[in-house]
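Listed below are the structures to be examined.
What follows is chain A paired twice: with chain B in the first complex and chain C in the second.
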Partner chain A sequence: MTRTVASHWKKTGAFLSKYGIYFAFLLLVGFLAVFSPPFLTPDNIINVLRQTSINGIIAVGMTFVIITGGIDLSVGSVLALSAVIAASFAHPGAHPLLVPVALGLLAGLASGMVNGVLIAKKRLAPFIVTLGMMTAARGLALVYTSGRPVINLSNAYDKIGGADLAGVPLPVLIFLMVVLAGVFLLHYTRFGRYVFAVGGNELAAKVSGINTDRTVVGVYALTGALAGAAGVVLSSRVMSASPAIGEGYELDAIAAVVIGGTSLSGGVGSIAGSIVGALIIGVMNNGLDMLNVSSYWQQIVKGVIIVLAVLLDKKSKI
Partner chain B sequence: MTQWLKPNRPGWIVLLLAVAFTGCKPKEPAATGHPVTIGVSYQDLQNEFVIRLQDAIRAEAKRLNVALVESDAQGHAEKQIGHVENFIARNVDAIILNPEDEQASAPAMGLAVQNHKPIVVVNAIVANLKKADAYVGSPDVIAGRMEASEMMKILHGRGDVVILQGPYGHSAELLRTKGIGEALAKFPGAKIVAEQTANWDRAQALSVMENWLSSGREVDGVIAQNDEMALGALEAIEGAGKHIPVVGIDAIPDALKAVADGRLAATVFQDAHAQGTLAVQLAVDLVEGKPVKHDNYIPFQLVTRENVTNYLNAIPPGH
Partner chain C sequence: MIFDPSNPPVSGRKASDGPVLRMEGISKSFSGVAALDNVSLQVARGEVHALMGENGAGKSTLMKILSGIVERDRGEICLDGEPVEIRTPKEALRLGISMIHQELNPVRAMTVSENLFLGREPCYRFTNVVNRRRQRELTRSLLREMDISLNPDARMRDLSVSQMQLVEIVKAVSYNARIIIMDEPTSAITGREVEKLFEIIGSLKSRGIAVIYISHKMDEVFRIADSVTVLRDGQYIGTRPSGQLDHDTLVRLMVGRELSQLFPRITPRKGSVSLEVEGLSKRGKFQDISFRARRGEVLGFAGLMGAGRSEIMETLFGMHRADAGIVKMDGREVHIHSPADAVRCRMALITEDRQLKGLNLKASVKANLTLVSLKKFSRFGQILQPGRESRAADAEIEKFRIKTRDRNQAVNTLSGGNQQKVVLAKWLLGDPEIVILDEPTRGIDIGAKAEIYRIIGQLAEQGKTILMVSSELPEILGLCDRVVVLCHGRINGEFERRQFDPERILKAAMGNGGGGAKSGNN
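Coming up: the complex of A and B.
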């Protein structure tokens, strides 16, 4: 009898260890559903998804970077640079929609490639390289706009962030597509295996014939392009592109990835975890606003929940 | 003395002239030859209003043939003390301080006063404002009072309003909150049902407003402490298919267009051009030793659909 109970608990433990973060998420949702009934209405669920989409898109890229054992602090600034470049080509009647979108993505991709090349070929620490890019890209966005927000955007451009398809907002669909593509790339392709290999043991990966440099450049380029995509979506949502947009977004993305169980030392992680991490942050922001919790307290609650979520995840793994 | 160090006759003349000139260094720097140099410390050149202030300061400096040394605190008040130190080291004739924070920018002002540099405070206030030689600005309390009174006019003196605030502790946030409170206190039928900071940011205001709307709370009006947040709230309201009046402050070009289109109920115009221009004039007057008034208030102006065309015409090209 005691043996079955013990093995039962062991099984539960194993189950928890795999899904700890998902339980934390459900706990949070349950709590908010009880204390703020409108929280679980379809409208509000759409709301949370839409608000999470920007951080979610960035977090997918950040997951790749952190699995290689790196970090990308430049995503918030790269988002701003892409947003102002894209928006400046999106005035009514100026260019077809493809031009601003493509330029926004390209600006992100190029910034990411610069990061990747400096990290892979020049062997510089990712923290330093992306810190430099964070400062320089923000400066470029300010120079490009003379510090003023880019306004007067075309209706077509506004649709990217404003339209919906069968009740689902376009930003959420874009987010979903990015997630699916990310899951495929990370878990079902050779590139994905290389990403884990580089993060696990870069030397061993190199010796076994993996082109680690190309993998690292690819990872940062991908993250840059996704930050660019987030910039296009966000500027469309707020119908303007301020050079100050996206400040601090890098920390939200890193928080989402870490809450999601990806190790900052590399080699371990999943897209699904990061998405749940991003959702936890999104649900918190939404729920605390709905409960009308003062911003002072919101910051304390968020800080505690971030650490608690990771603690729960870690504890269940022992 | 070796031969080559001994001055020849023209050498002696040059030497004597040099001594004579250093002895009677001109006391009037503003006269001919020496142009006046003014050091300007801005609170944050990523803020559109501050950029407009800079445009005005530069234009007036050019007109009066004044040289500028400009520094940007990028939203960090603690940097302003370093700016003033540099201005003193560069021996500028006067300083214009656009303080970021009422308390944290005060030491920068104190340092200028200690070193006997004429100082003009522009736009925002500092705790030790009395020590400044002059202040140019528009009292934020009045802006808050103005937008809240306009909201009450729209709502006929009663209703549930929400407030989108600037960064907590920022002097403009504190004073506008105070003004809004004063105006609403006159209407017993008015109630503040929620207030939250969106840090002057459009995207953040959009999320906060969406969350308020989906909490099922009835909102009759939105009072935003700047236009960026007002436009973010408007986006959320229109996205939800609702019609709720929104008011803002600053009269940025985007907001003026929204007022003209009948989307934004009202905004409050703060005259960056008049503030910047007068600040430079006062600084030059101080250098030239002319008497100046300590408090120089530039009035706020309420912008609604009726008078918005006057302001739209003033939008600089490129917007």
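Coming up: the complex of A and C.
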């Protein structure tokens, strides 16, 4: 009798911890809907999604990296580098829209590949390599712009971040596309399966005939490219590209991934979790603003949530 | 006699004449499989007592019980005639039992004296501040007492393996040990260092400390052991004074068993030569390895741990680079530089350590099963076809009788035998031509063993080429058509099935002139 009760609780516990993050999200939304009615208005929801889209795009890439057991601290700086490069080719009448967009993505891709090659081939710790890239890419952005923001961007470029389709902002649509592509790549392709295999046991993956180096390079290149995409979207939305933008974004992305239940030790995780993680951060920022909570307190709340999420995750594994 | 752990080591402590250690009727099973069944061990004060037996005989389990790492199910342990309970390694230390493991784990960044006093640092009075000077002095006097010249301030990472071992021994003595267990202490050291170790063992004896010595090296055992206890399959076989034993008797005691019905009857149907290896060498690991293997043949590789068998197989499989040598498959030379190359050449390697190199323990049974041959279940080679993948996984689970709730169960929740079947199945799903098995039945129960033997038999009948590394002689004798015996990285004998003789194989593995290729010591 006691055993059945115990196992019942165990099952409930397992269910709760598996989907706990989704419940937490719903709870948060419900709470804000009650205490701050304007929260659930369509305008505000769109607003939250728009605010979340940048972090969300980066978090998709970060999920891949963290599942391999790595980390990418350089995404914020790579975002800035891509933004200034893209924006510098986006002055009115200078080039077709494709040029700045492609160059922004390429800058991110290239930075990511450098990360990946150093990590996979030279066997350097991801933390160190991307810490170096974080500093160097920021420096490159500053050198490239002489420290001044790139302004005077074309109308076409501004549309990437400013236009909307049937009331849905373009950044949100881009975010949605990135998520769908990420889910497909991670869960429905051979590459995605290898990402899990490398994170779960790199040696076993290698022995199984998988080119683990190629997988690792691919993951960092992807993350770099997504940081580049985020840079393009962000600079377009704010209609300028400062070499200082994106500072601290890497930590928001890591937080989203970790809140979403992806383990920092690698081998397990999901894009869906990271997206909910990013949404929780976005909703919290927005909701706490609406409740007139000072931004100082917001930081404290955010910090507590991150640790709580990991604690919950850890409990579910015991 | 009441034992006071705070006492400084007393040299030549003489107490009652009874045995210092008596273990009686010790039994232990792991998840229903008996590892030890009613085993006894009696060790006299100040003697060197060798514990012998094949791998899996239960030696290490018995010693883990004695040193508090594993708890026994039944039986009695008496120290100096008094029954004791040993539940943790710390209690064992307190009772004067120290174990020096085969793999040494010092804190490498710390100095010799810091390691010696780890967890019991001498401090200034009324503080927790380490009195480094006193720690150093104590270390010096300990080292002097045992006539070991080492700098107390040397970092552990700068020491050789044998020096680290000496530090471990000094540490054990400094805990006022009555019994020191040494697990294969000479596996990583050479000639002069071995002599030094034996000298130290001699001085331990003269202090009245008993040494339980686990080793596969016969010549060492005969040199230093006073008595020998033999275990086999978790059973106590007997204890003899080493003076009354000779090589052959000891080997017979260790091996002496009928080959059971475990092994499938393979009708030898040897085909063409599929794999030729010529002069494969890797410095410091193995030299001049040459052999041929045919289709439908099970070629065994016998030898002691550290003989280089796993390294040879891993090198063949592209995990390490050879310094020299040629590998031919079906008469054509192949260059295998990575496991990916090996897989392309239709080789499979079931590694010795399934948890470290064989499985992704964080993934499901299905994901592990299909990892090697994922391409087969992908459209355009890239996009997974979940339906086909799942069906293939289910088929493998059924074919190999893998006991799992379903294909999505986490592989780390399976038993060792079932995990091993997952590893086998994942490789065989790729339909390899050459299957290398490195200790395929290590640490799994007898039922799973029999099933794995059955699978190996089937593979041979299908005309696959099978290379099997095993430390379990019965397995080699029962399954292989031919066996290559390795000793210290060289081939030291080769036997056809009709010449199979456990004693000759064991002798060849231990460095005696087995197949006449090389004569060893003794």
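Observations, loosely collected:
Basically, the second predicted complex is superposed on the first by the 298 of 318 C-alpha atoms of A that agree within 3 Å, B and C clash if a C-alpha of one lies under 4 Å from a C-alpha of the other, contacts with A are read in each partner's own complex, and residues count from 1 in each chain.
Just so we're on the same page, contacts are C-beta pairs under 8 Å (C-beta built on N, C-alpha and C of every residue); 3 or more make two chains touch, one makes a residue touch a chain.
Please read all numbers here as calculations on a predicted model, not as lab measurements.
Superposition of the two complexes onto chain A shows chain B and chain C fitting side by side, with no clash. Looking at the shared chain after the overlay, A:Phe191 reaches chain C, while chain B stays out of its contact range. Of the two partner chains placed around the shared chain by superposition, neither chain B nor chain C is touched by A:Gly228. When the two complexes are laid over each other on chain A, the CA centres of chain B and chain C sit 120 degrees apart as seen from the CA centre of chain A, to the nearest 10. In the superposed pair of complexes, A:Gly112 makes contact with neither chain B nor chain C. In the superposed model, A:Gly200 makes contact with chain C only, not with chain B.
Once chain A of one complex is fitted onto chain A of the other, the partner contacts of A:Asn211 are limited to chain C, with no touch recorded for chain B. When the shared chain is aligned, chain C comes close enough to touch A:Gly267, but chain B does not. Counting the residues of chain A that each partner touches, chain B and chain C differ, and the larger count belongs to B. Think of it this way: put the two complexes on top of each other by chain A, and the tightest Cα contact between chain B and chain C is 33 Å. Looking at chain A, you'll find no residue that touches chain B in one structure and chain C in the other. Within the complex, the chain C residues that touch chain A are 317, 319, 338-340, 342-344, 349, 351, 356-363, 367, 371-372, 374-375, 378, 381-384, 386, 426.
Listed in rising order, the residues of chain A touching chain C in the complex are 188-194, 196-197, 199-201, 203-211, 266-268. By the touch rule above, chain B contacts chain A in their complex via residues 45-46, 48, 51, 168, 194, 196-197, 201-203, 206-208, 210-212, 214-216, 228, 231-232, 235, 239, 253-254, 257, 318-319.
Looking at the complex, you find that chain A touches chain B at residues 36-38, 41, 43-44, 47, 50-51, 142, 146-149, 151-152, 162, 234, 237-240, 242-245, 285-286, 289-292, 294-296.
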